[in-house]
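What follows is subunit A paired twice: with subunit B in the first complex and subunit C in the second.
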Partner chain A sequence: MLALDLLVNGLVFGLFYALMAVGLAMIFGVLKVVNFAHGEFYMVGAYTYVLVATRLGVPPWLALPMAAVAGAALGALVERLLMRPLYAGYGSWSIMKDEYAVVVTFGLSLLLINVVDKVVGPYPFRGPPLIETSRFALGPVMMNGQKLIAAGISIALLTGLALFIKRSLWGRQIQAVAQNRLGASLAGIDATRTTALIFAISGLLAALAGALLAPLINPSPDVGAFPAIKSYVIVVLGGMGSIWGAMVAALLLGVLESFFAVYVSYDYRDAFGLLILILVLIFRPQGLAGEKGREV
Partner chain B sequence: MKRMSLLALAAAFAAAAAAAQEPIAIGISIAQSPPGSVVQGVQVKDGVEIVKDMINAKGGVLGRPIKLIYEDNQGVPEKGRAATEKLITRDKVVAVTGGHQSSVCLAEIEVAHRYEVPYVNTNCWSDDVRKKGYAEVFNPGNYNTRVSMAMAETIGAMKVKRVIAFAENTDYGIGQAKLLAEFVKTKAPGTDFKYETLDRAGKDFTPAVLALRANPPDMVVTMMLPPAAYIFMNQLYEQGVAPSAKTWFYDGAGIADYPDFWQNVKDAGKYMISFGLYHPQMPQPALGKEVAAEYTKRTKNEPNRLIFQAADSLLLIVEAIRQAKSTDPKAITKQLASMKFEGVRGAFQFSSAREPAYAYQQWVDIPYVNFQLTDVNQPVSKANLIQGPGQPLAVDKLQKPK
Partner chain C sequence: MTGGAGNLWSNRLRTDFRAALAVVALLAVVPLFVQAPYTLGILVVSIYFALLALGWNLIAGFTGQFSLAPAAFAMLGAYATALLDFPLKAPLALGIPAAIVATALLGFALGRIVLRLKGPYVALTTLSFAEIARVVVYNSNAFTRGDQGLNVPSLMQSRVGYYYLFVAVLGATLVLLYLLMRGRAGRFWLAIRDDEIGAESRGINVVRYKTIAFALSCAICGLAGSLYGTFSQLVSPELGLLSQTGLVIAMVVIGGMGTLTGPVLGALLVYLASEWLREFGGIQLIVFSLAVIVFARFFRAGLWGIVARR
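And now, the complex of A and B:
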């Protein structure tokens, strides 16, 4: 019975992790840099949802897409203003690319945290749930209504994303740019616009994750640190740049953490994910679904 | 020559007059940004600002206004150390106060001790702050031994058989949990007690809660601060563990009077039993009522114990300056150690006893209460007072969910 509870809880949180991490994986897949402000996309989504629903009186079901739009807009803005120099005609950037990305996204992260802290305030701010039923039994498992709905929406979004990447024209363009930016451009694909789309999708997914979890984990300005660290672990575990790998890794991490916390030690629950990160980097650096580098 | 002497004398008088008007600087080191407890930092700031305005409106102290210089320690010990260093060496404050997170206080008192500048500990509960035995450190706030003993007595009076406590992984949380475990052995000998530590930065405590669901205890105790405390409470409630018909929920961190409490916990807070350092039904001096009224006027919220603790911290320094007739830090320290003080929470004098070590320069008999919240969004003033200061616990007043 406890094992079933832990498995369900682990899978549910794994879905949330996947929603947070997939966007980060996409950005790395295309630009080969890590967005250290990814956690703040999540935080902006959470706060947009909470503020729109509580201060403007918008129904939660409407506040959710508004949070998604805010995340997408933030992602697109970050790409346009901060990340485009990485690939838009700056020859020398190829040498300093990684350093630039680290500094600028880290700085953005600090800026967003402190702006929200000063403008909205430091207090945790619980969002209204999408459904008022705070608890109900789903068979032998006790569930929270918000968690169940959030899990359902996460499954729908991740499935939709997978189909979008695989089947749609835009998705194939994303794959092409991720494989070879120059080659994709030569084939007539607007790589810059595709990159902007990726950032928008990344921001949208992270913001939605934040909005869906806002009624569960009481957002505060530094709430982004938690999804950010999980996302880095998941992206490495799944294989840098692999969306499928990130999804599988997220579910795996959620379940393993859930069991580890109870059967080994709750104190080191979050450290467990970092331990997995180290082990993966040592023994399988390409991750579950990634490839070791290829050059032609 | 005579003219030069007169000019020199006039210049000297002018300089003295200017110095006399110069504000007296007092340093306030609080968390104003994450990862520190900004909620607490804001309340400490509110409390000292009210007192500063009241004092300056009456002409200040020794004819000089007081000026508060804030530093943001972000709840991080290293930053607290740097903040205190800056306040003392660059801002030349005569005293430092405001500390509200034990791990930060422990770092800051080292700096204050090195420079021999008085440090008034506003809200750091860890006994270790007292046990250092530094002459510069004064503790008008609560301490872990006090609250742990009180909680153990409550557990004994309620005759609960099995208690599981959750403490945050900080100096405060672990310190309180260990002390509570010790006191339960003597105050509630028939009780099976164990505790676990949780990451204060954690967001999902469901696995820890799920383990309780299979075999619910008679009482769950928490020693955690927000936001982790709120998340844990919600997850405990969501899983039907506590508060419930089987399991009491007892908070030992005094979070029930935080301004954001109900907004973050809703139904999960109903039936919570709380250790408290302030309740409107406690006797309070006129000055305390004045500060309470001013706080409500400024913020539209009911005051809580952090407001009063912060107010007393600043009042202590000001009164010590007044009685010592000096702003020299050593003179202030000497005065604080010996003076009788009546503040917003009552009258007391710091203990000079070195045994037990936690009693050193501590308000030992700080009053406390226990109360139970019986409705959602219930202000503390309307909460069910189940134990007044110095009174036994009224077990028959306790309520459980049906």
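And now, the complex of A and C:
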């Protein structure tokens, strides 16, 4: 049952993509800018997990939350130092909004890659798995323990996020700020704090994606580039700024890629994302979520 | 664009153009004093970067569309020349113009799709395009020999000759950009940068002008890449690394975005500084990415902007 195997593995990768892409979608939903350092949140998560677990001897199950904290802290720091001028009322800043965000986040991405390259080294590291198992058959599907656990954690995180956004007070504040920043602040919502929260959440999710995959991908300093590009494809496919669109599009891309790699071309599997991106831009630029794209 | 504001801009542009030509003139007299192949080689590479910086500045600084693919188009231009030489044995007299045409057409096609949309799609798509183009070149072993790269014949033997070729191309590019910016197209590009919806409502065909700017920008990068390939006689996917694009952005942001002198000055400054920083153990990219953030945050006019305002 090759097709079922491909489907399940595609969905698993789609879950990891979703962890990356929802953060990007949330930032876009609220600030209308793209974070080009998003792949480096992922990289920082992967490195924190690997270094804390291998150099300090912390058990992997503890290293995982530490990676999450590192990602959240980085996200909050980026918002405080670099993103706040976008909306904190510095007059002329708003004119150069997109430009400023592109240049600064792209610069930040290079900075983080090269600092890690210099401080930790350019060589790939392998992270310790959360559980020691070899590959096993799960019904007709071949699985490995790390992937299965990582997928489980991803499902829990994504469900948790969805409930948080829909139900909790903070989540509703996020929705309000995404819909109308000025309106939200008139209603007494602290839009600045909400934006900081969004950056912390998206840093946390991307870092966890990196940490969960660290035992499977051997992180090197530029490891974030392709997950980030996949997330760009996903947020465009899902409808910029839509969390639900991003989740669906992530799973879709995971599955499509997994089939493409086997049935079309393994060498060009990463190019497939660009093809999808271009097709979406030509035929459905508003993405899957369409008009709903304006919601978080 | 009549009255005071328009005249002010054309005055500023003329001063800017003269300053840029002065830099080119300074570069042109360098071989009278220094003939060391190593020094000239470094300057040739800085001029290569100055061309990329001017190309990127045209689409980002003048038109306000932030492409993240200048290095990728340089790589594609270099490969266009290399592939015409290697399996097809076409002469460089054909290979170099072919690089310009190929990158312009590719830029036009990509721009046609992406630039219809407002918002961050340009940066997103060009970044994805750049990384994926590099991986495709890298993986297409049968044509490109992957990371081994392709050999390209050299245009001439003399280092000084190459140096003058690059200086001449830089001068010609500046003249072309000055003429474009002084004319109708330049005004339209600036209008699009400053207020896209406003420009559209005044009847400017925004998509067409953005696409033309992008295709031109890609062609400048493609030409630069093609010439650089014949200079180094090796074309590899490394030309298209995102860190190269990062360097180009650093040059323009530090030098002064939306000017003619800024990108040239920035390219010379950043590349020479990076040669110098090499001695301290490869910290160039850390320094320049930090500089980009600081300049974008606190000195948005860049060095030339600060000087010119005085």
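As a working rule, the second predicted complex is superposed on the first by the 290 of 296 C-alpha atoms of A that agree within 3 Å, B and C clash if a C-alpha of one lies under 4 Å from a C-alpha of the other, contacts with A are read in each partner's own complex, and residues count from 1 in each chain.
Convention: a contact is a pair of C-beta atoms (placed from the backbone, for glycine too) under 8 Å apart; a residue touches a chain by one contact, two chains touch by 3 or more.
Since this is a predicted model, take the numbers as computed values, not measurements.
Bringing the complexes onto one copy of subunit A puts subunit B in a clash with subunit C. After overlaying the two complexes on the shared chain, residue contacts for A:261 are found with subunit B alone; subunit C is out of touch.
In the superposed model, A:5 makes contact with subunit B only, not with subunit C. Within the superposed three-chain model, A:82 lies in touch with subunit C and out of touch with subunit B [touch as defined at top].
Once the two complexes are laid over each other on the shared chain, residue contacts for A:226 go to subunit B and to subunit C alike. After overlaying the two complexes on the shared chain, residue contacts for A:236 are found with subunit C alone; subunit B is out of touch. Of the two partner chains, subunit B is the only one that A:123 touches; subunit C does not reach it.
Of the two partner chains, subunit C is the only one that A:104 touches; subunit B does not reach it. Once the two complexes are overlaid on the shared chain, A:33 sits against subunit C while remaining clear of subunit B.
Once chain A of one complex is fitted onto chain A of the other, the partner contacts of A:282 are limited to subunit C, with no touch recorded for subunit B.
Taking chain A as the common frame, subunit B overlaps subunit C at a single listed stretch, which among 169-177, 187-195, 205-213 or 385-393 is 169-177. Note: residues 113-114, 225-226, 267, 270 of subunit A belong to the subunit B contact set and to the subunit C contact set alike, using the contact criterion stated above. Considering their complex, residues 28, 32-34, 36, 82, 85, 96, 98-100, 102-104, 106-108, 110-111, 113-115, 118, 225-226, 229, 232-233, 235-236, 240, 267-268, 270-271, 273-274, 277-278, 281-282, 285 of subunit A touch subunit C. Residue ranges of subunit B in contact with subunit A, taken from their complex: 32-35, 38-39, 41-42, 169, 196-199, 201-208, 210-211, 213-214, 226-227, 230-231, 234, 237-240, 259-260, 263-267. By the touch criterion stated above, subunit C contacts subunit A in their complex at residues 60, 64, 66, 68, 113-114, 116-117, 119-121, 123-125, 127-129, 131-132, 135-136, 139-140, 242-243, 246, 249-250, 253, 281-283, 285-286, 288-290, 292-293, 296-297, 300.
Those residues of subunit A whose C-beta lies close enough to touch subunit B in the complex are 1-2, 5-6, 9, 13, 113-114, 117, 122-126, 134-135, 142, 144, 213, 216-218, 220-223, 225-226, 257-259, 261-262, 266-267, 269-270.
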